[in-house]
Amino acid sequence: MEFSIAIFLIFFPFVAALVLYLLGNGERVYKARKVIVKGSALLIMAAAILMAVLILGRGTPYPFAEHTKAVDVLMACGEAFLMILVFYYSIRYKKIYTAVLSACGTLPILWLTFSGAAGESTAPHMQIDNLTVLMILVVGIVGGLIAVYAVGYIKDYHNHHKNYKDRSNWFLAMLFVFLGAMFGLLLSDCMDWMYFFWEITSVCSFLLIGYNYEKESIKNSFTALWMNLLGGVGFAAAILYSELSLHVFTLSELLQVDRTVAPGVMIVVSLLAFAAMTKSAQMPFNLWLLGAMVAPTPTSALLHSATMVKAGVYLLIRIAPLLSRTTAGVMVTLIGGFTFFAASLMAIATSDGKRVLAHSTVSNLGLIVACAGVGMPESVWAGTMLILFHAVSKSLMFLCVGAVENVTGSRNIEDMHGLVVKLPRLAMVMIIGICGMFLAPFGMLVAKWAALRSYIDSASVWLVLFLVFGAASTTFYWAKWLGKLLAVIHGSQATKDTTHTGEWESIYPLAGLVVAMCFLFPLISSGLIQPVLNQLFHEEVPPVIGQSDMIIMILMFVLIALLPISAVLTSKKRVGLTDQNTRSYMSGVNSGDDRHFMNSYGDPQSVYMANWYMTDLIGELKIMKPCLLISAGILVTMMLIIIGGAI
Amino acid sequence: MAVNNNAKKISVVPFGPQHPVLPEPIHLDLVLKDEKVVYALPSIGFVHRGLEKLVEKRDYEQFVLIAERTCGICSFGHGMGYVEAIEKIMNLDIPPRAKFLRTMWAELARMHNHLMWLGLQADAFGFESLFMECWRLREKVLDMLELTTGGRVIFSVNKVGGLRKDVTPEMLEQILKTLDGLEKECRVVTDTFLGDPDVLSRMKGVGVLTPGRAEELGCCGPFLRASGVKRDCRQLGYEAYGELKFEPIVSYDGDCYARCLVRIEELYQSMDLVRQCIAKMPGGDIAVKVTGNPNGEYMVRIEQPRGEALYYVKANGTRYLTRYRNRTPTYANIPGLIETIKGAELADVAMMILTIDPCISCTER
Amino acid sequence: MAFLPYVGRTLKNLFSKPATESFPAGERIYPDRYRGHIENDIDKCILCGSCQRNCPSSAIKVNKADFSWEIHPFSCVQCSKCVEVCPVKCLSMVNSFTEPGAEKTSIVNRFSQERIEKEKEKQRLMAEKIAAAKKAAAEKAAAAKAPAQTPAGT
Amino acid sequence: MSEQEKKAQGGEKKEPLMDIKEIEKDTLLDEVTRISFDNWRLIQICATKVGEEKYEILYTFGKGYQWKNLRIHLSKGESVSSITSIYEVAYLYENEIHDLYGIGIDMLNYDFGGKLFRTGVQYPFA
Amino acid sequence: MKISKSPWILHYDGSSCNGCDIEVLASTTPRYDLERFGIINTGDPKHADVFLITGGVNYQNRDVVQQLYSQMPDPKVVVAVGICACDGGVFKDCYNIIGGVDKVIPVDVYVPGCAARPESIIDGVVKALAILDKKRERMAQGLVPDEKVWTNTIVRPGSQEKQED
Amino acid sequence: MLYVLGFIFVILGPFLGGLLSGVDRVFSARMQRRQGPPLLQPFADYAKFMQKKAYIINGLQTFLITGHLIFVILAGWILYAGQDILLSIFSLTLSEMFLCMAAFSASAPYSNMSAQRELLQMACTEPMLLMIAIGFYLSSGSFMVTDIVAQKTPAIIHVPGFFLGFLVILVVELRKSPFDVSTSHHAHQEMVKGVTTDITGSLMGIVELSEWYEYFLMFSYVALYFVSSNPLSLLVGILMGCLVMFLMTLIDNTFPRVRWERMLSVCWATTLIFAGGNLLLLTLLKMF
């Protein structure tokens, strides 16, 4: 049963992708396409949930696929195909360095597979344990909902952007390919196989980012490609070293290696961590994620929340026990912590909604990465919790920003002033999303609590500092966004909400999911995450959060939940100001309504209230370069120390 | 479709006329980026009464009382400027005692103004207890004024041809005694303005106006002198100033600190001038008899606490004047103010407005 | 936050007596010259109207017909101009301020009844005198005219 | 006028107390430009109504403690060119003159359009 | 506790000459210290109970005065400080002076004086507090706070009106 | 038992907090050589606000202000009920967030600008607030207040740096000069009345009430540094609390209000130096 579901999860998305692609474009196929996408997404979600139920009920990991020579060869062919694809694009757009990177990663792996230099692995190539299940749930559910959202969105997108060639069949197909690859990655235990899926996601994201063939998209897609390929090279190097010198083929074997006996294992770990950090867009590799914004919203949602970047942190969580109290761990925590802090600063200085989301993704991932780097049970608990909350809330936010942009034509946060009045439903959902990102006891704060504790326990002073300062700036940029949404403006400014039902179909479930997760968070902790810890650390990890804390957190949540609810209630009787309301204070020169004042020329002028950005202090232009240099410096130094130390 | 990341980060807000940090109703349209002022435009007229036209309804002798109510702070100076112009037109030579008394009162008024200003300035950067301290000391100056004129802020002692009230030697004695105590107490306060590191952090380098720009914009008073231009109309020697010894006080940084410094020095200078006046106080009459009506025009320049003020009078030989025009220091300083506000932080705007020591009521008349 | 010059003064203030006056509980003594409000010794007033003409604030109304002198304290700016111009020095500036109030009341000083009588009498006499004078003048004129007129009429 | 008054004014026709240069309206900009090249600053501008439908405008310039005045004469309906192109700070004075007298000022840098003083009476001094 | 135990002041300078203004300010400083009566000089009409207004009203600030008055929550009292605020004072004949404050908003207490001295301002405020309590009582009985019906007697000359509206 | 203590806080907190702020006002006045208001003035203010008509700008505001109050109370309850101090701090942050949002919802220029400043203030204090919890954790090995007060030695012995850092941000939390940039008790503020500019009547009363809770909560945080298993230490804690409150009044009266840049740099630098330094030292001690 588990086996067949696993196979289904990997292959079905590819099949769906093929069907969607072959269906072609045009008005006629739209209905059919909708049915197919929704059906497939539902099937995938159902399969993910079923799998979760089975594995969680089982209690122990489920390994499979022991003898797989033929599959190995097939995968090698696949890798070769991907390499050729990269070659094609790099020659076409004259970016030869991508071809070189691709070759550097792929050729050694091909050589390994075909030469058999490393010998035959007898360990099962795939394994499903609690962590896998957790991730499958995230990818399946969030990814599925994004795919549903994409159908309607991409139609709109082409209605608005007539100048782009309509390749939506291809676009949707790529989304499903992406999902398939993610499942493959999660299910694989063998590093060779993982590498194959890893490369698929890299190439897929490249293709998705460059979807509309604009100059900027192409530039950004190549940035994404070379960074991820560079990570791929790190991955390949890790495989090479581990298979050749340690004769370790799978991650679970790697976790068993005693690092006092084989210090070389740290090289593998650090290389894997390096690969993971590129994929998770940690500084100095955060640029690709920021660039991915140029793609249609579903792409960003998919890349930022549930899939691509989560592959990186997933890998880190997997190897977290190995990172605990090691130099590699220090490297990971340093990079993660620094990224958390620096990216959140840059988010403050940004007004483009999607870009804020991008920075915040980078920043949150930094926190997760740091949690993994600490490698203590509490921190892994926190990291996992964060993955969950982040995936759901962030995808919700992306979808909302996309929807708002479709309605109002702008995704600038400043234009969202008074969204509770303009678009109450979307605003409410966005408020849920934002709360999910940073308010107690939602994801961030619960996790921050544990993260703090583990950081102190692991005695990493710098991390505590990064965390407290990063937390402050995180609060700042989320809160000011939230504030913009909550501004109550005159009721006459309400806008007609033209968001499609199709989009609501994914926005509402996601919002519901955020709320449900908050309510059920003690259950999630004990039912989903605690087992992960037990398996990961091979011991019975005591509950991270105490009973009374849970109660208080739930209490806080119940109180907070009233916030969006009250927004709904008031929206029923129109939140917007009417002419009966008292005027707001404007130094006594209000003129008639709440939007205008008498200016010096004696004419009514509209007030305009912008948020703080501190662009001169922490604008991207100001601090991006130094941050990249610092993080690159840390990375290179630490890698050298680790590799030097191990050799 | 790259969104311009800076385009929407600008706020437009009204500042004044009613605003807690503004002692008077001035209005500014502010355009802010975060809280940095990128554009400001003043509007005046919230206090505009039209008193200049009142010369057509009140005779030239009554009008002294109205002229001094142009503003309650340099009320004395306004009255003095007006009567000087009339006296010049009528070719009256007022007695020296009146001249010395006028000078003494003008300097006492300067002291009360500067102490008041120091308090308001402290308030503008949020130093409440310093504000209270300044105003507590100011009460002593007011006591001296009330003792001699009977008014705390509106004195009503000037008239065409001299003064309406004389002072007794005991009063002068009393003034000298009060001055000594006051000077000692003021030191603590002014030392705080000039030495407290946090106060300095608010004022140093804030709102710099270069001497060149200050001249170009026609600034005057302590605002101008803080930018290093040595011009003080008292040097023209009107009333008894010609017989007193003093030098205009200048400072060269052109920032808020320099303006504060100039005013503090002037406070002590005024104390000195009052002492000089009392020491040299001649005896004799305080007024000459005035007959007839003025005919002609004249413009008087005097140095008010806030800068150079002009009084233009055009008379036509009747009891009612043709034109009375008062160009006040603040009027001349507003363009300079706007210049310094641009690029300042919102938190400093109030302070910057204060550093020209604005007096809206005389500006708008 | 190196050296805080002001702390000493603040602490000293804390332990000294507040500078606050106990007004309105304790009475305040005003300086002699304080210009508070105008009072009229109506018995001396001759209702000449000079104060009314010279008041910059139009606070005084002199009503000769009614034998009253009226001041609007809520209009008076205490400039003392009226005191200066009063020919009989019946006006004085008293050094306490007019009580604030909910209404803008005005104060009317009227001649005492007997003075009114006297004035009326005086006026009557004056009027009679004038009338008599007029009459006399008229008679005179008439007398002057009469000779000329009579012949014409006949 | 009584004898006394005449004496008070110092005889019949006394020397003018102020030194004012009367100029033609058209030469205003030339004169002002010359003055500004000579580094004088603008002290004030002030209008006066002198008789029915007749106005004069007095420009005062200063340099150190010295000063000098220019005066132009206008009649109702005439407008005068702004000197804000030479002295940028003249805008307050010129707007004021427009608002109080209704004298048109051409080419102002900041034109408040008659609303610098939002008075109850339009052009109260006119 | 009575509402008059904590009267907060909003001070606005209408068309005053500053004389009364600085006296209002002076009455908050150590020598007179209005805070003895629980009075805070707040700058925010929305927190104020007592509207201290100095100077007369002119055509440009009447909207401001009315706006500020309307932004003060009931119960509230208005104290006109200084002769200018009482009836326009020496400026009552000026072309731009509408008159005293009572021309545009109802005034509860008039404080005469030019300039009104701090003692008389304190006197006036204390008088106003009694009225404030009375208004609160009326409100508690479900009545409108003001006993008198106030009618706006302001005369607007037509000439400028077109531009403004 | 402890829960009961929590509820006692809920009931007594505002009285003690109001009293503290009354004392503060009297002392402030005396420092300015003024007679000052009666001691119970804050209560009169509160009563006044409750009697005033509320001009509510919008419906959302009522809810947000209530949230503000509830979360301050919760923060205090958590502390007194001996629960997790970090959660108490989160709750406190949350309550400030509610106030901020209430200001945002007014959609008025001064409310909005103050809300931005309030957020900035939160960004200034949040690192140190989290550090407070960390400090207690370092000294007692637990976030639970019950464990913190059960220590042999008071926390101050281990974490004096944290305490110093806390004093700095306490100035911000209590809205005292020099860091009263968003809302000030002093009348003349460029932000008018800061975040409360557009809050009227009974809503403003609720804000005042929350402030008292916060006052007392801050007092309690200070005292917590001095409390140990020795019952006498409770007295020391209360004494130090009073002393610190007096210090705050003194600071309030001897500083001008600074600009936001300076506030940010001072707050972050002191957090980094005092708390960070203390943390580093303790970590090093633990390692060797």
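For clarity, chains are labelled A, B, C, D, E and F in written order, and residue numbers in each chain start from 1.
Going forward, contacts are C-beta pairs under 8 Å (C-beta built on N, C-alpha and C of every residue); 3 or more make two chains touch, one makes a residue touch a chain.
Everything numeric here is computed off the predicted structure, so don't read it as measured data.
S.K.: If we look at subunit E and subunit F, which chains touch each of them?
M.R.: Output, common partners of subunit E and subunit F: A, B, C.
S.K.: Could you find the two chains linked by the most C-beta contact pairs?
M.R.: Highest contact count belongs to chains A-F.
S.K.: Taking each chain's centre as the mean of its Cα atoms, which chain lies farthest from subunit E?
M.R.: Chain centre farthest from subunit E's centre: A.
S.K.: Using mean Cα positions as chain centres, tell me which chain lies farthest from subunit C.
M.R.: Result for max centroid distance from subunit C is chain A.
S.K.: Going by C-alpha centres, which chain would you call the most central?
M.R.: So the chain nearest the centre of the shown protein is F.
S.K.: Using mean CA coordinates as chain centres, what's the gap between subunit C and subunit F in Å?
M.R.: Chain centroid spacing, subunit C to subunit F, equals 61 Å.
S.K.: Suppose each chain is reduced to the average of its Cα coordinates; what separation in Å results between subunit C and subunit E?
M.R.: Between these chains, centre-to-centre, one finds 28 Å.
S.K.: Taking each chain's centre as its mean C-alpha position, how far apart are subunit B and subunit F in Å?
M.R.: Using C-alpha averages as centres, the distance is 42 Å.
S.K.: Find every residue in subunit A that makes contact with two or more other chains and list them.
M.R.: Residues 582, 585-589, 598, 600-602, 607, 609, 611-612 of subunit A touch two or more partner chains.
S.K.: So which bits of subunit E are touching at least two other chains?
M.R.: Residues 12, 29-31, 33, 36, 42-46, 58, 60, 64, 68, 71, 89-90, 93, 95-96, 114, 117, 163-164 of subunit E each touch two or more of the other chains.
S.K.: Considering subunit B alone, which of its residues make contact with at least two other chains?
M.R.: Answer for subunit B, listing residues that touch two or more other chains: 11, 13-14, 17-21, 34-35, 41, 43, 45, 48, 50, 53, 65-66, 69, 129-130, 132-133, 136, 139, 151, 154, 196, 198.
S.K.: Taking all chains into account, which pairs touch?
M.R.: Contacting pairs: A-B, A-D, A-E, A-F, B-C, B-D, B-E, B-F, C-E, C-F, D-E, E-F.
S.K.: Enumerate the contact residues on subunit E facing subunit D in the complex.
M.R.: 58-60, 95-96, 98, 156-157, 159-160, 163-164
S.K.: Please output the residues of subunit B touching subunit E within their complex, sorted ascending.
M.R.: Residues of subunit B touching subunit E: 17-21, 23-25, 45-51, 53-54, 57, 65-66, 69-73, 75, 116, 119, 131-132, 135-136, 138-139, 142, 151-154, 359, 361.
S.K.: Quick one: which bits of subunit F touch subunit A in the complex? Just the residue numbers, please.
M.R.: Residues of subunit F touching subunit A: 55-61, 63-64, 67, 70-71, 74, 78, 83-84, 86-87, 90-91, 93-94, 97, 100-101, 103-113, 115-116, 119-120, 122-124, 126-128, 130-131, 133-134, 137-138, 143, 192, 197-198, 200, 261, 268, 271-272, 276, 279-280, 283, 286-287.
S.K.: Would you pull the subunit A residues touching subunit B in the complex into a rising list?
M.R.: Per the stated touch rule, the residues are 216, 350-352, 355, 410-412, 414-415, 586-589, 597-602, 605-616, 620.
S.K.: Could you pull out which subunit C residues touch subunit F in their complex?
M.R.: 4, 6-7, 10-11, 13-14, 16, 18-20
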